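Each of the next two complexes has chain A plus one more chain, namely chain B in the first and chain C in the second.
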Partner chain A sequence: MEQNKKSAGQIINEKKFLILEIIIVALITAYMLRGTYPSLILCFICINTIAVTGLDILFGYTGQVSFGHAGFYAIGAYTSSILSIKLGIPVVISMIIAALVSMFFGFVIAIPASKLVKHFLSLLTIAFGNMVYIFLSVTKDLTNGFSGILNIPNLNLFGFRFKSNQSYFFLFAAVAILVLIGKKRLIHSRFGRALIAVRENPHAAAGMGINVKYYKVMAFALSALLTGLAGAFYAHLIGFISPDGFNNNQSNVFMTMLLFGGIASSFGPLIGSTILTIVTEVMQGFVRYQMLLYAIFILLVLFCMPNGVSGVIANIKSRIAKRKGKKVEPRA
Partner chain B sequence: MLKLEDVTIKFGGLTAVNNVSLEIPEGSIFGLIGPNGAGKTTLFNLISGVYKPTSGKIYFQEKEIEGTTPYKVNELGIARTYQNINLFKKMTTLENVMVGCHTKSKAGIFDAVFKTKKQKSEEKAIIEKSMNILEFMGLKDKAYYKASNLSYGEQRRLEISRAMASEPKLILLDEPAAGMNANEKLELNDTIQKMNKLGITVLLVEHDMKVVMNICDTVCVLNYGKRLCVGEPDYVQNNEEVIEAYLGGDIDV
Partner chain C sequence: MVIRLIIGALMIGSVYGVVGIGYGLIYKASGLMSLAQGDMLMFGAFLGITFYKYLQLPFIIALLLTMIIMFMLGMFIERVMVTKLIEKGAQTVYIILCTISISMILQNSSMLTWGSNVLQFPAIFNSASVKIFGVSVAPENLLVLGVGIIIMVALQLFLTKTKFGISMRAAAQDEVAASALGINVPLTKGTAWGIASMLAGAIGVVVGPVFGVYMSMGAMIGQKAFAGAVVGGYGNMFGAIIGGVFFGFLETFVSAYLTSNYKDFITFGILIIVMILMPKGIFNEEVME
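And then the complex of A and B:
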């Protein structure tokens, strides 16, 4: 509907911009795909984008904070691994089941969570994340405790065996793009408007006939579905999982990615996970200082760019448009 | 259309609304006035389902609605505005009204993600309807502004637009003229009367006596949660009890 307002010239200009961006990203991606390790980073970017998009639906659009998303990530990873190893279920199906199981846990958590706001909700989600972590480390029969699960089988799709990071990348990238498109469509629909209305003003939303509890629960479930799927991808890509990958830090990483990329924006999760994944990999030698680094990113967001990188980009774009004499509403 | 029977609500020791009975006929413009703290907004919250009455019954079109959750009350055909403006601030004017269309549309998650035909045509209809409402309320040229960037009077009008989008049979307006200048108030009078002619029953809380006395068919006065009197504007204006409540009683020296 916003297109109605923009002039034809503006639309063409924006399309040119987008095509240019896509070409640059494609070239860099193609270059990185030559190496195994850079391809792995690309895979991580895609996985994180999916997981952070999940968090964005919950936190960015519905205004429900979650510091326990590593819990859903873990549920996705472990469910898919255990199903494919112990029951021999084909990996594609185990991934889908894992996402659905994670979604189920999203429902379960959402029922108490939809009654809570602000710090009470934060505490509940932190507790959830920790509960999953402790469960994984204690139930040795099922999860093998801290030793973790080894030799998780590769994905096998229509006879094509995913072995290299490169092959995984194409799958993950396709899914990530579909997720981003799906999110955009969802947000610009009746459902998405209801989510935003709940975030903006739950009382008024209820007064307008929106079942606030239903939308909060659905946001949680959708969010858990995406993050769980990302977790399943992660497990089969790496082939090894242990509880250490799914502790509180991982939740904070997702939150930092989302905040730094920009909440409630089309490409925020993509930008955030790209930058932070690369920074994390580059700083691999200084793992001890990882959380310190994230703290710096969060401080940057808090003091300099409340809407993250995508907010900064939007501001620059509107400034350029203004200089050209066109009036564009800046992001609030 | 709307009937209140001995409605009482107590907050701890305070009785905010005390045994109020009212009947609002279909198609009327019903005014609700009273000094500050008389319980007018509380009564609104009771009707719209925010509070559940301690005792008493509320009927809407012969159906008991007391204690129904707010979103269901809206589905039944009662929409409201708020005294302290409650807009979706980061959404545009148009989007605010589109949210108002929620109860009258159906598309779900799958329709949205897969952009089904049904969803596309419904979305188009929603935009068209919202634009018509904005035009009706004189906000069409502000359709793409952020709600928070509108002036105070415009925000009040947007609240009414949003309420109208749910195609209500009864609309509750909580001090719609607050913060408006004289011109805007005149326009508001017009709008409310036009709305009424579309077949929407209006229940109005207002402090501005000019607005109330000019457009209301019936006026009810509340004081300390009790019904003081109900009648036509002229009758109410000359009622001694009402004058006493507003200006204070005579003092025998």
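And then the complex of A and C:
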């Protein structure tokens, strides 16, 4: 227990660092917010963080792999746009309904998915993602096919109309921060510990009285809820959606962001989506070479840090702790 | 009509089967999952069209050259990338990320080299059609079927009759015991990845004349082949073939008699239902935990 107690000086030191980090991030953000395009990137970062956090709850903490999260993303985006355009429902409510609809699909998928492991599960999720994509591209009456849905209305909250990217950013950032905090609280609760137990060993978890199926289904639903919400945000931010943005590649992008940032870590989704979103945007300039460079970048990073960015951070932390002569807990 | 459909279904089914065998080989040999198989097929098709159309080589030589290059590519990926990553202590999921980026690299480098349009593969045979059971079929379709069957038989003979094939299976069953008996386990693993990509490349070359060669041709085929492999029982060779042919039939008949717009929707829907009813596949293959 001795090692766990921190001296007063250390706590102040850690707090100082945290405050310093926050100030730096805030300064960069404030600088970026001056332009329309940089603030669009910031919005993307927030949206991706929310979606990737959803995937992290499912994959990182519960150990259920998914290569079909673009399906939930698409459900969120399309439901919200269709509801707000065709039925004229206020955007806030349509966003919430969209997230709930996505959550419902999560439930439906999770009931067969909770029985499956590994390849079967990845196949099921791939199949789900493809089904959503195909449905969107061929059901022209509802989704307008490949031409996509245009003129999706802006968000209107308590009489305040969100028009600029900057105003959207503040909302998205608030939600993203809430989601990150919520995830941290969730993981340290009884629910989160049950999820981790299910990931580590489903049989042992069942033996300890954890309802494995219930937790797997709940993780799926929660994950779908967050990803669907991110999809709805995306649709209203951009104002235009078409099936092309929701194909298998998008699922892989989410997975890449999660793995890049590091699975089952508090800030992994944030780090991964921030770096990869910025890298993607910077590489827009290379047009034809964009995806090639992106892939090579990921490979290089994989070779330099085989367990994601937060794996490296954990390594450095434990090295510093070792140098100070402290006991190091093995990484979970 | 029905006979033509059956031939078409067998053709596309053998494509899925051959690509699916590749997934199974990789899984058996190294317990890993590669998501790049479909793009291996695409890359093989591009190599084949380059040798056959632009370098004017005879078709059989173009096919063999492609197979050799694809074999080396698969070997390279296993020996240089996957093994190095595992040695560095990467978790298995990061290998999947690695194969995702490999597939992106393959797709985009093909696009940069050969352009993003559909390339037409010139006809291989002189006659435009062959009569079988009274219906005329393009000989290229039969070529796909023939090459698929030859590959399956040859692979089966290789794995059961040759010394190296038997040692590959031994290494897949128990690495430690196999290496204690003097089997070069890293070599067998590399060979398995090599063969997997070689098979995909070969079938890509023969499928090129049927569908045309383009950048994203591998994506859907790769996913359906994976579906076939899983439904048949992941890691089981016969399972992969039967699963692949099953999906070939399903897809062909659904698009002929029900709806062609929703054919893939229905295919994947039935896949999900099959998985719920038979979570272990047709051949009850055990899944490694």
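Assume the second predicted complex is superposed on the first by the 297 of 332 C-alpha atoms of A that agree within 3 Å, B and C clash if a C-alpha of one lies under 4 Å from a C-alpha of the other, contacts with A are read in each partner's own complex, and residues count from 1 in each chain.
Convention: contacts are C-beta pairs under 8 Å (C-beta built on N, C-alpha and C of every residue); 3 or more make two chains touch, one makes a residue touch a chain.
The structure presented is a predicted model; accordingly, all values stated were derived computationally and were not measured.
Novice: Return first, second, both or neither, reflecting whether A:222 touches chain B, chain C, both chains, or no partner chain.
Specialist: first
Novice: Once chain A of both complexes is superposed, is A:192 in touch with chain B (first), chain C (second), both, or neither?
Specialist: It touches chain B, and chain C stays clear.
Novice: Is A:206 contacted by the first partner chain B, the second partner chain C, both or neither?
Specialist: first
Novice: Where does A:182 make contact in the superposed view: on chain B (first), on chain C (second), on both, or on neither?
Specialist: first
Novice: Thinking of the overlay built on chain A, is A:285 touched by chain B (first), by chain C (second), by both, or by neither?
Specialist: Touch partners of A:285: none, neither chain B nor chain C.
Novice: With both complexes overlaid on chain A, does A:88 touch chain B (first), chain C (second), both or neither?
Specialist: A:88 sits against neither chain B nor chain C.
Novice: More chain A residues touched by chain B or by chain C?
Specialist: C
Novice: A:294 contacts which: chain B (first), chain C (second), both, neither?
Specialist: It touches chain C, and chain B stays clear.
Novice: Where on chain A do chain B and chain C both make contact?
Specialist: Touching chain B and chain C on chain A: no residues.
Novice: Spell out the residues on chain C that touch chain A in their complex, using ranges where they run on.
Specialist: Per the touch definition, chain C meets chain A at residues 27, 33, 81, 84-85, 88-91, 93-94, 96-98, 100-102, 104-105, 107-109, 111-112, 219, 223, 226-227, 230, 234, 261-262, 264-265, 268-269, 271-272, 275-276, 279, 287-289.
Novice: Residues of chain A touching chain B in their complex?
Specialist: 1-2, 5, 182, 185-186, 188-194, 196-197, 200-201, 203-212, 218, 222, 329, 332
Novice: Using the touch rule from the top, collect the residues of chain A that touch chain C in their complex.
Specialist: Within the complex, chain A touches chain C at residues 59, 65, 112, 115-120, 122-124, 126-128, 130-131, 134-135, 138, 248, 252, 255-256, 259-260, 263, 288-289, 291-292, 294-296, 298-299, 302-303, 306-308.
Novice: State the interface residues of chain B toward chain A in the complex, per the touch definition above.
Specialist: Checking each residue of chain B against chain A gives 48, 50, 69-71, 74-75, 79-80, 82, 86-91, 94-95, 98-103, 105-109, 111-113, 115, 119, 122-123, 126-127, 144-146, 148-149, 162-163, 166.
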